[in-house]
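The next part holds the structures, each set out as C-alpha coordinates.
You will see two complexes here that share chain A, one where it goes with chain B and one where it goes with chain C.
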Partner chain A sequence: MRQAGAYSSMLVGGVSGRTGPHSLPLARIKRIMKQSSDDVRMISAEAPVVFSKACELLIGVLVRRAWAAALRRKRRTLLKEDVAAAVTNTDVFDFLVQVVQQQPK
Partner chain B sequence: MDDVSERQMQRRGHGYEFHASEAANTLSGDAYTSGQDHLLPIANVGRIMKKALPPNAKISKQAKETMQECASEFIGFITGEAADSCQKNNRKTINGDDICAAMKTLGLDDYADAMRRYLHRYKEHEEKATSRDHNKIACIDVVDELSVSKTSSSRRHLFPTNPSVG
Partner chain C sequence: MAEGGAGKSGEAPATVEATMTIKKAPRAEVEELPKAIVRRVVKDKLSQLASGGEEEDVSVQKDALLAFSESTRIFIHYVSATANDICKESKRQTINADDVLKALEEIDFPEFVEPLKVALEDFRTKNAVKKSGSKGRQTKKRKVDELSTQNGEDGGDGSDE
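Right, the complex of A and B next:
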(Lines of atoms letter the chains of each structure in order from A and count residues from 1; the text may use other names and numbers.)
(Lines give C-alpha, C1' and ligand atoms only; values in the text may rest on other atoms or scores of the structure.)
Protein backbone atom coordinates (compact mmCIF):
# COMPACT_ATOMS: atom_id res chain seq x y z
CA MET A 1 0.00 0.00 0.00
CA ARG A 2 1.38 3.35 -0.82
CA GLN A 3 2.01 5.62 2.08
CA ALA A 4 1.13 9.26 1.57
CA GLY A 5 3.71 11.84 2.61
CA ALA A 6 3.02 14.59 5.09
CA TYR A 7 2.00 17.17 2.49
CA SER A 8 -0.22 15.03 0.31
CA SER A 9 -2.10 14.00 3.39
CA MET A 10 -2.75 17.64 4.16
CA LEU A 11 -4.23 18.16 0.73
CA VAL A 12 -6.28 14.99 0.80
CA GLY A 13 -7.66 15.52 4.24
CA GLY A 14 -5.25 13.54 6.28
CA VAL A 15 -6.42 10.03 6.83
CA SER A 16 -3.86 7.60 5.41
CA GLY A 17 -0.83 9.86 5.54
CA ARG A 18 -0.93 10.44 9.25
CA THR A 19 -1.66 7.06 10.67
CA GLY A 20 0.31 5.01 8.17
CA PRO A 21 -1.04 2.43 5.77
CA HIS A 22 -4.14 0.56 6.84
CA SER A 23 -4.48 -3.14 6.19
CA LEU A 24 -7.82 -2.62 4.47
CA PRO A 25 -8.65 -0.09 1.75
CA LEU A 26 -10.60 2.82 3.21
CA ALA A 27 -12.36 3.72 -0.04
CA ARG A 28 -13.74 0.19 -0.32
CA ILE A 29 -14.92 0.26 3.29
CA LYS A 30 -16.66 3.55 2.58
CA ARG A 31 -18.41 2.01 -0.43
CA ILE A 32 -19.60 -0.96 1.59
CA MET A 33 -20.91 1.44 4.23
CA LYS A 34 -22.82 3.41 1.61
CA GLN A 35 -24.38 0.29 0.16
CA SER A 36 -25.64 -0.92 3.50
CA SER A 37 -28.65 1.37 3.67
CA ASP A 38 -30.37 4.28 1.94
CA ASP A 39 -30.12 6.24 5.16
CA VAL A 40 -26.37 6.56 4.84
CA ARG A 41 -25.55 10.04 3.68
CA MET A 42 -22.26 11.50 4.78
CA ILE A 43 -19.42 9.57 6.34
CA SER A 44 -16.66 11.18 8.33
CA ALA A 45 -13.05 10.34 7.43
CA GLU A 46 -12.50 8.52 10.71
CA ALA A 47 -15.40 6.06 10.29
CA PRO A 48 -13.70 3.83 7.67
CA VAL A 49 -10.53 3.99 9.78
CA VAL A 50 -12.46 2.59 12.74
CA PHE A 51 -13.93 -0.16 10.57
CA SER A 52 -10.53 -1.05 9.16
CA LYS A 53 -9.33 -1.81 12.68
CA ALA A 54 -12.62 -3.40 13.76
CA CYS A 55 -12.62 -5.74 10.77
CA GLU A 56 -9.06 -6.78 11.59
CA LEU A 57 -10.27 -7.67 15.09
CA LEU A 58 -13.32 -9.49 13.80
CA ILE A 59 -11.34 -11.52 11.28
CA GLY A 60 -8.73 -12.34 13.92
CA VAL A 61 -11.32 -13.59 16.41
CA LEU A 62 -13.28 -15.55 13.81
CA VAL A 63 -10.24 -17.15 12.25
CA ARG A 64 -8.84 -18.29 15.58
CA ARG A 65 -12.15 -19.88 16.52
CA ALA A 66 -12.40 -21.44 13.08
CA TRP A 67 -8.91 -22.83 13.53
CA ALA A 68 -9.96 -24.45 16.80
CA ALA A 69 -12.84 -26.07 14.91
CA ALA A 70 -10.46 -27.34 12.20
CA LEU A 71 -8.10 -28.80 14.81
CA ARG A 72 -11.01 -30.61 16.47
CA ARG A 73 -11.58 -32.26 13.11
CA LYS A 74 -7.88 -33.04 12.85
CA ARG A 75 -7.30 -30.71 9.89
CA ARG A 76 -4.65 -28.06 9.27
CA THR A 77 -6.54 -26.47 6.40
CA LEU A 78 -9.21 -23.95 7.28
CA LEU A 79 -12.45 -24.65 5.46
CA LYS A 80 -15.66 -22.69 5.07
CA GLU A 81 -17.39 -25.04 7.52
CA ASP A 82 -14.87 -24.12 10.22
CA VAL A 83 -15.75 -20.45 9.82
CA ALA A 84 -19.43 -21.44 9.94
CA ALA A 85 -18.83 -23.40 13.13
CA ALA A 86 -17.07 -20.43 14.71
CA VAL A 87 -20.06 -18.22 13.87
CA THR A 88 -22.70 -20.59 15.21
CA ASN A 89 -20.69 -21.22 18.39
CA THR A 90 -20.39 -17.54 19.24
CA ASP A 91 -23.45 -15.62 20.43
CA VAL A 92 -22.25 -12.18 19.39
CA PHE A 93 -21.90 -13.43 15.82
CA ASP A 94 -25.61 -14.20 15.49
CA PHE A 95 -25.86 -11.57 12.78
CA LEU A 96 -23.47 -13.65 10.66
CA VAL A 97 -25.43 -16.89 10.83
CA GLN A 98 -27.27 -16.31 7.59
CA VAL A 99 -24.10 -15.24 5.80
CA VAL A 100 -22.33 -18.51 6.51
CA GLN A 101 -25.40 -20.55 5.70
CA GLN A 102 -25.88 -18.78 2.39
CA GLN A 103 -22.64 -20.04 0.91
CA PRO A 104 -23.44 -22.38 -1.96
CA LYS A 105 -21.32 -25.53 -1.93
CA MET B 1 -26.85 -14.08 25.77
CA ASP B 2 -30.37 -14.09 24.36
CA ASP B 3 -30.38 -10.36 24.82
CA VAL B 4 -27.62 -9.99 22.25
CA SER B 5 -29.43 -12.21 19.77
CA GLU B 6 -32.57 -10.23 20.27
CA ARG B 7 -30.86 -6.90 19.73
CA GLN B 8 -29.22 -8.20 16.61
CA MET B 9 -32.43 -9.74 15.30
CA GLN B 10 -34.21 -6.43 15.62
CA ARG B 11 -31.70 -5.02 13.20
CA ARG B 12 -31.82 -8.06 10.97
CA GLY B 13 -34.64 -7.12 8.61
CA HIS B 14 -32.81 -4.15 7.28
CA GLY B 15 -30.50 -4.83 4.50
CA TYR B 16 -29.71 -8.45 4.44
CA GLU B 17 -31.59 -9.24 1.23
CA PHE B 18 -29.07 -7.18 -0.68
CA HIS B 19 -26.14 -9.09 0.72
CA ALA B 20 -27.76 -12.47 0.22
CA SER B 21 -28.23 -12.01 -3.51
CA GLU B 22 -24.83 -10.41 -3.90
CA ALA B 23 -23.22 -13.32 -2.09
CA ALA B 24 -24.85 -15.88 -4.36
CA ASN B 25 -23.84 -14.00 -7.49
CA THR B 26 -20.31 -13.37 -6.39
CA LEU B 27 -19.52 -16.92 -5.46
CA SER B 28 -21.24 -18.67 -8.30
CA GLY B 29 -19.46 -17.19 -11.24
CA ASP B 30 -16.68 -15.08 -12.69
CA ALA B 31 -19.21 -13.19 -14.78
CA TYR B 32 -20.08 -11.10 -11.77
CA THR B 33 -16.65 -9.47 -11.54
CA SER B 34 -18.12 -6.01 -11.37
CA GLY B 35 -19.92 -6.94 -8.15
CA GLN B 36 -16.74 -7.34 -6.12
CA ASP B 37 -16.80 -3.84 -4.78
CA HIS B 38 -19.12 -4.82 -1.94
CA LEU B 39 -16.39 -7.04 -0.53
CA LEU B 40 -13.00 -6.29 0.96
CA PRO B 41 -10.13 -7.50 -1.25
CA ILE B 42 -9.46 -11.20 -0.77
CA ALA B 43 -5.70 -10.63 -0.62
CA ASN B 44 -6.00 -8.23 2.34
CA VAL B 45 -8.48 -10.50 4.12
CA GLY B 46 -6.24 -13.50 3.52
CA ARG B 47 -3.24 -11.67 4.94
CA ILE B 48 -5.08 -10.74 8.12
CA MET B 49 -6.26 -14.32 8.51
CA LYS B 50 -2.75 -15.67 8.00
CA LYS B 51 -1.34 -13.39 10.70
CA ALA B 52 -3.71 -14.85 13.27
CA LEU B 53 -2.80 -18.47 12.52
CA PRO B 54 0.26 -20.66 13.14
CA PRO B 55 2.71 -20.88 10.20
CA ASN B 56 1.72 -24.42 9.25
CA ALA B 57 -1.95 -23.49 8.80
CA LYS B 58 -3.51 -23.51 5.34
CA ILE B 59 -6.52 -21.47 4.36
CA SER B 60 -8.94 -22.58 1.66
CA LYS B 61 -10.19 -20.05 -0.86
CA GLN B 62 -13.74 -20.67 0.31
CA ALA B 63 -12.79 -19.86 3.88
CA LYS B 64 -11.35 -16.54 2.69
CA GLU B 65 -14.46 -15.81 0.65
CA THR B 66 -16.66 -16.57 3.62
CA MET B 67 -14.56 -14.25 5.74
CA GLN B 68 -14.95 -11.49 3.11
CA GLU B 69 -18.72 -11.87 3.33
CA CYS B 70 -18.62 -11.80 7.12
CA ALA B 71 -16.56 -8.61 7.16
CA SER B 72 -18.92 -6.86 4.74
CA GLU B 73 -21.94 -7.95 6.72
CA PHE B 74 -20.25 -6.69 9.88
CA ILE B 75 -19.70 -3.28 8.30
CA GLY B 76 -23.20 -3.07 6.83
CA PHE B 77 -24.92 -4.27 9.97
CA ILE B 78 -23.24 -1.71 12.22
CA THR B 79 -23.44 1.11 9.68
CA GLY B 80 -27.17 0.59 9.31
CA GLU B 81 -27.66 0.99 13.02
CA ALA B 82 -25.40 4.04 13.13
CA ALA B 83 -27.24 5.61 10.19
CA ASP B 84 -30.61 5.08 11.89
CA SER B 85 -29.34 6.73 15.03
CA CYS B 86 -27.91 9.69 13.12
CA GLN B 87 -31.15 10.18 11.29
CA LYS B 88 -33.16 10.14 14.52
CA ASN B 89 -30.86 12.83 15.91
CA ASN B 90 -30.98 14.90 12.71
CA ARG B 91 -27.32 14.46 12.00
CA LYS B 92 -26.07 13.97 8.47
CA THR B 93 -22.61 12.60 9.06
CA ILE B 94 -21.78 9.23 10.56
CA ASN B 95 -18.64 9.61 12.66
CA GLY B 96 -16.42 7.27 14.66
CA ASP B 97 -18.41 7.72 17.86
CA ASP B 98 -21.58 6.68 16.06
CA ILE B 99 -19.90 3.47 14.96
CA CYS B 100 -18.82 2.71 18.53
CA ALA B 101 -22.27 3.49 19.90
CA ALA B 102 -23.88 1.24 17.28
CA MET B 103 -21.53 -1.59 18.22
CA LYS B 104 -22.64 -1.23 21.84
CA THR B 105 -26.32 -1.21 20.88
CA LEU B 106 -25.87 -4.38 18.83
CA GLY B 107 -24.26 -6.29 21.68
CA LEU B 108 -20.69 -5.99 20.39
CA ASP B 109 -19.46 -4.49 23.66
CA ASP B 110 -15.87 -5.65 23.37
CA TYR B 111 -15.57 -4.09 19.93
CA ALA B 112 -17.24 -0.90 21.13
CA ASP B 113 -14.75 -0.51 23.97
CA ALA B 114 -11.70 -1.40 21.90
CA MET B 115 -12.74 0.96 19.09
CA ARG B 116 -13.42 3.82 21.48
CA ARG B 117 -9.85 3.53 22.74
CA TYR B 118 -8.51 3.22 19.19
CA LEU B 119 -10.52 6.22 18.01
CA HIS B 120 -9.24 8.28 20.91
CA ARG B 121 -5.61 7.44 20.06
CA TYR B 122 -6.27 8.09 16.37
CA LYS B 123 -7.71 11.54 17.09
CA GLU B 124 -4.76 12.41 19.32
CA HIS B 125 -2.38 11.30 16.59
CA GLU B 126 -4.25 13.41 14.04
CA GLU B 127 -3.97 16.49 16.22
CA LYS B 128 -0.25 16.01 16.69
CA ALA B 129 0.29 15.41 12.99
CA THR B 130 -1.55 18.59 12.08
CA SER B 131 0.65 20.74 14.29
CA ARG B 132 3.72 18.88 13.08
CA ASP B 133 2.90 19.62 9.42
CA HIS B 134 2.50 23.29 10.18
CA ASN B 135 5.90 23.29 11.80
CA LYS B 136 7.41 21.53 8.80
CA ILE B 137 6.19 24.23 6.45
CA ALA B 138 7.82 26.87 8.65
CA CYS B 139 11.08 24.92 8.59
CA ILE B 140 11.12 24.64 4.79
CA ASP B 141 10.71 28.38 4.50
CA VAL B 142 13.77 28.96 6.64
CA VAL B 143 15.90 26.58 4.57
CA ASP B 144 14.70 28.21 1.39
CA GLU B 145 15.63 31.63 2.61
CA LEU B 146 19.10 30.53 3.59
CA SER B 147 19.94 28.84 0.28
CA VAL B 148 18.64 31.81 -1.70
CA SER B 149 20.62 34.32 0.28
CA LYS B 150 23.78 32.27 -0.27
CA THR B 151 23.69 32.59 -4.08
CA SER B 152 23.67 36.37 -4.32
CA SER B 153 23.27 38.95 -1.63
CA SER B 154 22.28 41.59 -4.19
CA ARG B 155 19.17 39.68 -5.22
CA ARG B 156 17.75 39.54 -1.72
CA HIS B 157 15.58 42.56 -2.23
CA LEU B 158 13.72 40.81 -5.06
CA PHE B 159 12.29 38.22 -2.73
CA PRO B 160 9.13 38.97 -0.77
CA THR B 161 9.51 39.57 2.93
CA ASN B 162 6.73 37.10 3.66
CA PRO B 163 7.93 33.65 2.71
CA SER B 164 5.44 31.91 0.45
CA VAL B 165 4.15 28.54 1.50
CA GLY B 166 5.82 25.82 -0.58
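Right, the complex of A and C next:
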Protein backbone atom coordinates (compact mmCIF):
# COMPACT_ATOMS: atom_id res chain seq x y z
CA MET A 1 0.00 0.00 0.00
CA ARG A 2 1.11 3.54 0.22
CA GLN A 3 3.89 4.50 2.55
CA ALA A 4 3.51 6.82 5.44
CA GLY A 5 4.33 10.14 3.86
CA ALA A 6 6.43 12.74 5.52
CA TYR A 7 3.23 14.32 6.67
CA SER A 8 1.62 11.63 8.76
CA SER A 9 3.39 12.54 11.97
CA MET A 10 2.66 16.16 11.28
CA LEU A 11 -0.96 15.36 10.80
CA VAL A 12 -1.24 13.58 14.10
CA GLY A 13 0.46 16.46 15.83
CA GLY A 14 3.25 14.36 17.22
CA VAL A 15 6.26 16.17 15.91
CA SER A 16 6.75 19.32 17.88
CA GLY A 17 4.45 18.55 20.79
CA ARG A 18 2.75 21.82 20.11
CA THR A 19 -0.90 21.56 19.30
CA GLY A 20 -1.03 24.51 16.95
CA PRO A 21 -4.35 25.66 15.59
CA HIS A 22 -5.98 22.36 16.46
CA SER A 23 -5.61 22.91 20.20
CA LEU A 24 -6.40 19.41 21.34
CA PRO A 25 -3.64 16.94 20.43
CA LEU A 26 -4.66 14.86 17.45
CA ALA A 27 -2.83 11.70 18.48
CA ARG A 28 -4.55 11.72 21.87
CA ILE A 29 -7.92 12.26 20.25
CA LYS A 30 -7.26 9.36 17.95
CA ARG A 31 -6.45 7.10 20.90
CA ILE A 32 -9.62 8.15 22.69
CA MET A 33 -11.58 7.42 19.52
CA LYS A 34 -10.14 3.92 19.48
CA GLN A 35 -11.32 3.35 23.02
CA SER A 36 -14.90 4.14 22.12
CA SER A 37 -15.77 0.61 21.07
CA ASP A 38 -14.13 -2.73 20.47
CA ASP A 39 -14.47 -2.75 16.73
CA VAL A 40 -13.33 0.71 15.80
CA ARG A 41 -11.96 0.61 12.34
CA MET A 42 -9.19 2.72 10.90
CA ILE A 43 -9.38 6.44 11.31
CA SER A 44 -8.62 8.90 8.57
CA ALA A 45 -6.17 11.69 9.24
CA GLU A 46 -8.97 14.22 8.99
CA ALA A 47 -11.29 12.73 11.60
CA PRO A 48 -9.26 13.81 14.66
CA VAL A 49 -8.99 17.27 13.12
CA VAL A 50 -12.76 17.53 13.01
CA PHE A 51 -12.97 16.21 16.57
CA SER A 52 -10.47 18.73 17.83
CA LYS A 53 -12.71 21.55 16.71
CA ALA A 54 -15.89 19.73 17.73
CA CYS A 55 -14.55 19.35 21.26
CA GLU A 56 -13.85 23.05 21.45
CA LEU A 57 -17.42 23.72 20.37
CA LEU A 58 -18.76 21.30 22.94
CA ILE A 59 -16.73 22.87 25.72
CA GLY A 60 -17.99 26.23 24.50
CA VAL A 61 -21.63 25.21 24.90
CA LEU A 62 -21.00 23.54 28.25
CA VAL A 63 -19.11 26.53 29.58
CA ARG A 64 -21.77 28.95 28.46
CA ARG A 65 -24.51 27.03 30.20
CA ALA A 66 -22.50 26.31 33.32
CA TRP A 67 -21.62 29.97 33.55
CA ALA A 68 -25.28 30.89 33.26
CA ALA A 69 -25.98 28.52 36.16
CA ALA A 70 -23.25 30.15 38.25
CA LEU A 71 -24.64 33.60 37.44
CA ARG A 72 -28.09 32.56 38.61
CA ARG A 73 -26.49 31.73 41.93
CA LYS A 74 -24.58 34.99 41.91
CA ARG A 75 -21.20 33.31 41.91
CA ARG A 76 -18.00 34.17 40.06
CA THR A 77 -16.56 30.74 40.37
CA LEU A 78 -17.61 27.89 38.14
CA LEU A 79 -18.28 24.85 40.25
CA LYS A 80 -18.90 21.28 39.25
CA GLU A 81 -22.53 21.69 40.24
CA ASP A 82 -22.87 24.36 37.55
CA VAL A 83 -21.65 21.88 34.98
CA ALA A 84 -24.13 19.38 36.42
CA ALA A 85 -26.94 21.92 36.09
CA ALA A 86 -25.96 22.60 32.49
CA VAL A 87 -26.11 18.90 31.71
CA THR A 88 -29.41 18.38 33.49
CA ASN A 89 -31.06 21.34 31.79
CA THR A 90 -30.04 20.39 28.28
CA ASP A 91 -31.58 17.44 26.48
CA VAL A 92 -28.72 16.88 24.08
CA PHE A 93 -26.41 16.47 27.05
CA ASP A 94 -28.22 13.40 28.28
CA PHE A 95 -25.21 11.28 27.40
CA LEU A 96 -23.22 13.26 29.95
CA VAL A 97 -25.46 12.55 32.89
CA GLN A 98 -23.12 9.93 34.30
CA VAL A 99 -20.14 12.25 34.16
CA VAL A 100 -21.64 14.77 36.52
CA GLN A 101 -23.38 12.36 38.81
CA GLN A 102 -20.32 10.84 40.34
CA GLN A 103 -20.86 12.17 43.80
CA PRO A 104 -24.00 11.35 45.76
CA LYS A 105 -25.55 14.49 47.15
CA MET B 1 -21.91 -31.70 50.67
CA ALA B 2 -21.82 -28.40 48.97
CA GLU B 3 -24.49 -28.40 46.35
CA GLY B 4 -24.89 -25.09 44.59
CA GLY B 5 -23.86 -23.51 47.85
CA ALA B 6 -24.90 -20.03 47.10
CA GLY B 7 -25.89 -19.26 50.63
CA LYS B 8 -23.43 -20.79 52.99
CA SER B 9 -19.98 -21.36 51.58
CA GLY B 10 -17.87 -18.33 52.24
CA GLU B 11 -15.52 -18.86 49.36
CA ALA B 12 -17.82 -19.17 46.38
CA PRO B 13 -19.13 -15.59 46.33
CA ALA B 14 -15.63 -14.19 46.70
CA THR B 15 -14.44 -16.25 43.77
CA VAL B 16 -17.36 -15.18 41.63
CA GLU B 17 -16.73 -11.60 42.58
CA ALA B 18 -13.07 -11.88 41.75
CA THR B 19 -13.93 -13.35 38.39
CA MET B 20 -16.40 -10.63 37.71
CA THR B 21 -13.90 -8.01 38.71
CA ILE B 22 -11.35 -9.41 36.33
CA LYS B 23 -13.83 -9.56 33.52
CA LYS B 24 -14.92 -6.03 34.16
CA ALA B 25 -11.38 -4.69 34.45
CA PRO B 26 -11.04 -1.50 32.45
CA ARG B 27 -8.66 -1.26 29.56
CA ALA B 28 -5.08 -0.63 30.54
CA GLU B 29 -5.15 3.16 30.32
CA VAL B 30 -7.95 5.58 30.03
CA GLU B 31 -6.72 8.29 27.74
CA GLU B 32 -7.59 11.73 28.94
CA LEU B 33 -7.30 15.12 27.38
CA PRO B 34 -4.45 17.33 28.57
CA LYS B 35 -5.66 19.44 31.48
CA ALA B 36 -3.75 22.54 30.46
CA ILE B 37 -5.39 22.63 27.07
CA VAL B 38 -8.89 22.01 28.38
CA ARG B 39 -8.29 24.76 30.91
CA ARG B 40 -7.22 27.15 28.21
CA VAL B 41 -10.25 26.42 26.05
CA VAL B 42 -12.53 26.94 29.05
CA LYS B 43 -10.84 30.18 30.05
CA ASP B 44 -10.91 31.52 26.50
CA LYS B 45 -14.61 30.84 26.29
CA LEU B 46 -15.24 32.48 29.65
CA SER B 47 -13.39 35.61 28.68
CA GLN B 48 -15.55 35.82 25.57
CA LEU B 49 -18.68 35.41 27.66
CA ALA B 50 -17.63 37.81 30.36
CA SER B 51 -16.23 40.48 28.08
CA GLY B 52 -18.54 43.02 29.63
CA GLY B 53 -15.78 43.82 32.06
CA GLU B 54 -17.72 43.07 35.21
CA GLU B 55 -16.78 39.49 35.53
CA GLU B 56 -13.32 39.35 34.05
CA ASP B 57 -12.08 37.25 36.89
CA VAL B 58 -14.35 34.29 36.60
CA SER B 59 -12.49 31.39 38.10
CA VAL B 60 -12.99 27.71 37.55
CA GLN B 61 -12.87 25.16 40.31
CA LYS B 62 -10.66 22.17 39.71
CA ASP B 63 -13.57 19.74 39.86
CA ALA B 64 -15.40 21.74 37.24
CA LEU B 65 -12.39 21.53 34.93
CA LEU B 66 -12.30 17.79 35.42
CA ALA B 67 -15.99 17.67 34.56
CA PHE B 68 -15.35 19.57 31.33
CA SER B 69 -12.48 17.30 30.48
CA GLU B 70 -14.38 14.14 31.21
CA SER B 71 -17.44 15.38 29.34
CA THR B 72 -15.30 15.99 26.29
CA ARG B 73 -13.83 12.53 26.49
CA ILE B 74 -17.26 10.92 26.70
CA PHE B 75 -18.37 13.14 23.83
CA ILE B 76 -15.55 11.77 21.68
CA HIS B 77 -16.60 8.23 22.60
CA TYR B 78 -20.23 8.87 21.81
CA VAL B 79 -19.59 10.54 18.48
CA SER B 80 -16.90 8.02 17.52
CA ALA B 81 -19.15 5.07 18.21
CA THR B 82 -21.88 6.68 16.12
CA ALA B 83 -19.44 7.52 13.32
CA ASN B 84 -18.13 3.98 13.46
CA ASP B 85 -21.63 2.64 12.89
CA ILE B 86 -22.20 5.03 10.02
CA CYS B 87 -18.92 3.93 8.49
CA LYS B 88 -19.82 0.27 8.89
CA GLU B 89 -23.14 0.83 7.16
CA SER B 90 -21.34 2.27 4.17
CA LYS B 91 -19.13 -0.82 4.14
CA ARG B 92 -15.97 1.20 4.42
CA GLN B 93 -12.93 0.46 6.55
CA THR B 94 -11.91 3.94 7.54
CA ILE B 95 -13.82 6.50 9.54
CA ASN B 96 -13.55 9.76 7.66
CA ALA B 97 -14.45 13.35 8.43
CA ASP B 98 -17.83 13.02 6.79
CA ASP B 99 -18.79 10.13 9.07
CA VAL B 100 -18.02 12.31 12.05
CA LEU B 101 -20.13 15.16 10.68
CA LYS B 102 -23.05 12.82 10.04
CA ALA B 103 -22.68 11.41 13.52
CA LEU B 104 -22.92 14.90 15.00
CA GLU B 105 -26.17 15.47 13.17
CA GLU B 106 -27.49 12.16 14.39
CA ILE B 107 -26.88 12.95 18.02
CA ASP B 108 -28.51 16.36 17.68
CA PHE B 109 -25.55 18.67 17.30
CA PRO B 110 -26.34 19.95 13.81
CA GLU B 111 -25.21 23.44 14.71
CA PHE B 112 -21.65 22.15 14.94
CA VAL B 113 -21.56 20.97 11.34
CA GLU B 114 -21.05 24.27 9.52
CA PRO B 115 -18.17 25.59 11.65
CA LEU B 116 -16.57 22.18 11.44
CA LYS B 117 -16.79 22.17 7.66
CA VAL B 118 -15.02 25.50 7.65
CA ALA B 119 -12.28 24.19 9.94
CA LEU B 120 -11.92 21.12 7.77
CA GLU B 121 -11.57 23.14 4.59
CA ASP B 122 -9.00 25.28 6.30
CA PHE B 123 -7.05 22.20 7.28
CA ARG B 124 -7.23 20.76 3.78
CA THR B 125 -6.04 24.00 2.25
CA LYS B 126 -3.10 24.25 4.62
CA ASN B 127 -2.17 20.68 3.92
CA ALA B 128 -2.26 21.19 0.18
CA VAL B 129 -0.07 24.26 0.49
CA LYS B 130 2.46 22.35 2.55
CA LYS B 131 2.64 19.56 0.05
CA SER B 132 3.19 21.69 -3.03
CA GLY B 133 5.58 23.94 -1.15
CA SER B 134 8.10 21.56 0.33
CA LYS B 135 8.22 18.76 -2.18
CA GLY B 136 8.81 20.78 -5.32
CA ARG B 137 7.94 18.91 -8.45
CA GLN B 138 8.74 15.30 -7.79
CA THR B 139 6.04 13.57 -9.74
CA LYS B 140 6.27 10.21 -7.99
CA LYS B 141 5.77 11.61 -4.53
CA ARG B 142 3.02 13.86 -5.69
CA LYS B 143 0.99 10.99 -7.04
CA VAL B 144 1.19 9.12 -3.77
CA ASP B 145 0.34 12.24 -1.82
CA GLU B 146 -2.58 13.03 -4.06
CA LEU B 147 -3.96 9.57 -3.51
CA SER B 148 -3.61 10.06 0.22
CA THR B 149 -5.41 13.36 0.03
CA GLN B 150 -8.25 11.97 -2.03
CA ASN B 151 -8.98 9.06 0.20
CA GLY B 152 -8.16 10.96 3.33
CA GLU B 153 -6.70 7.78 4.70
CA ASP B 154 -4.11 7.59 7.34
CA GLY B 155 -1.84 5.14 5.63
CA GLY B 156 0.81 5.38 8.30
CA ASP B 157 -0.29 4.09 11.60
CA GLY B 158 -3.93 3.44 11.07
CA SER B 159 -3.70 -0.28 11.60
CA ASP B 160 -1.05 -0.38 14.27
CA GLU B 161 -2.57 0.97 17.43
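A few notes on this one:
Everything that follows uses one rule, which is that the second predicted complex is superposed on the first by the 82 of 105 C-alpha atoms of A that agree within 3 Å, B and C clash if a C-alpha of one lies under 4 Å from a C-alpha of the other, contacts with A are read in each partner's own complex, and residues count from 1 in each chain.
We take it that contacts are C-beta pairs under 8 Å (C-beta built on N, C-alpha and C of every residue); 3 or more make two chains touch, one makes a residue touch a chain.
Everything numeric in this text was worked out from a predicted model, so none of it was measured.
Superposition of the two structures on chain A shows chain C clashing with chain B. Contact with both chain B and chain C is seen for A:Met42 once the two complexes are overlaid on the shared chain. Applying the stated contact rule after C-alpha superposition, one finds that A:Ser23 touches each of chain B and chain C.
Contacts of A:Lys53 after superposition: both chain B and chain C are touched. Touch criterion met: A:Leu96 reaches chain B and chain C at once. Common to the chain B and chain C interfaces on chain A are residues 6-7, 9-10, 19, 23-25, 28-29, 31-33, 35-37, 39-44, 46-47, 49-51, 53-60, 62-64, 66-67, 76-80, 82-84, 87, 91-92, 95-96, 98-100.
Here chain A touches chain C in the complex through residues 1-12, 19, 23-25, 28-37, 39-47, 49-51, 53-60, 62-64, 66-67, 70, 76-80, 82-84, 87, 91-92, 95-96, 98-100, going by the rule given at the top. Contact residues of chain B toward chain A in the complex are 1, 4-5, 8-9, 11-12, 14-16, 18-20, 23-24, 27-28, 37-41, 44-45, 47-49, 51-54, 56-60, 62-63, 65-67, 69-80, 83-84, 86-87, 92-96, 98-100, 103, 106-108, 110-111, 114-115, 118-119, 122-123, 125-126, 129-130, 132-133, 136. Residues of chain C touching chain A in their complex: 27, 30-31, 33-34, 37-38, 40-42, 45-46, 49-50, 55, 57-61, 63-64, 66-68, 70-81, 83-84, 87-88, 92-97, 99-101, 104, 107-109, 112, 115-116, 119-120, 123-124, 127, 130-131, 134, 141, 144-145, 147-148, 151-159, 161.
Those residues of chain A lying in contact with chain B across their complex are 6-7, 9-10, 14, 17-19, 23-25, 28-29, 31-33, 35-37, 39-44, 46-47, 49-51, 53-60, 62-64, 66-67, 76-80, 82-84, 87, 91-92, 94-96, 98-100, 102-104.
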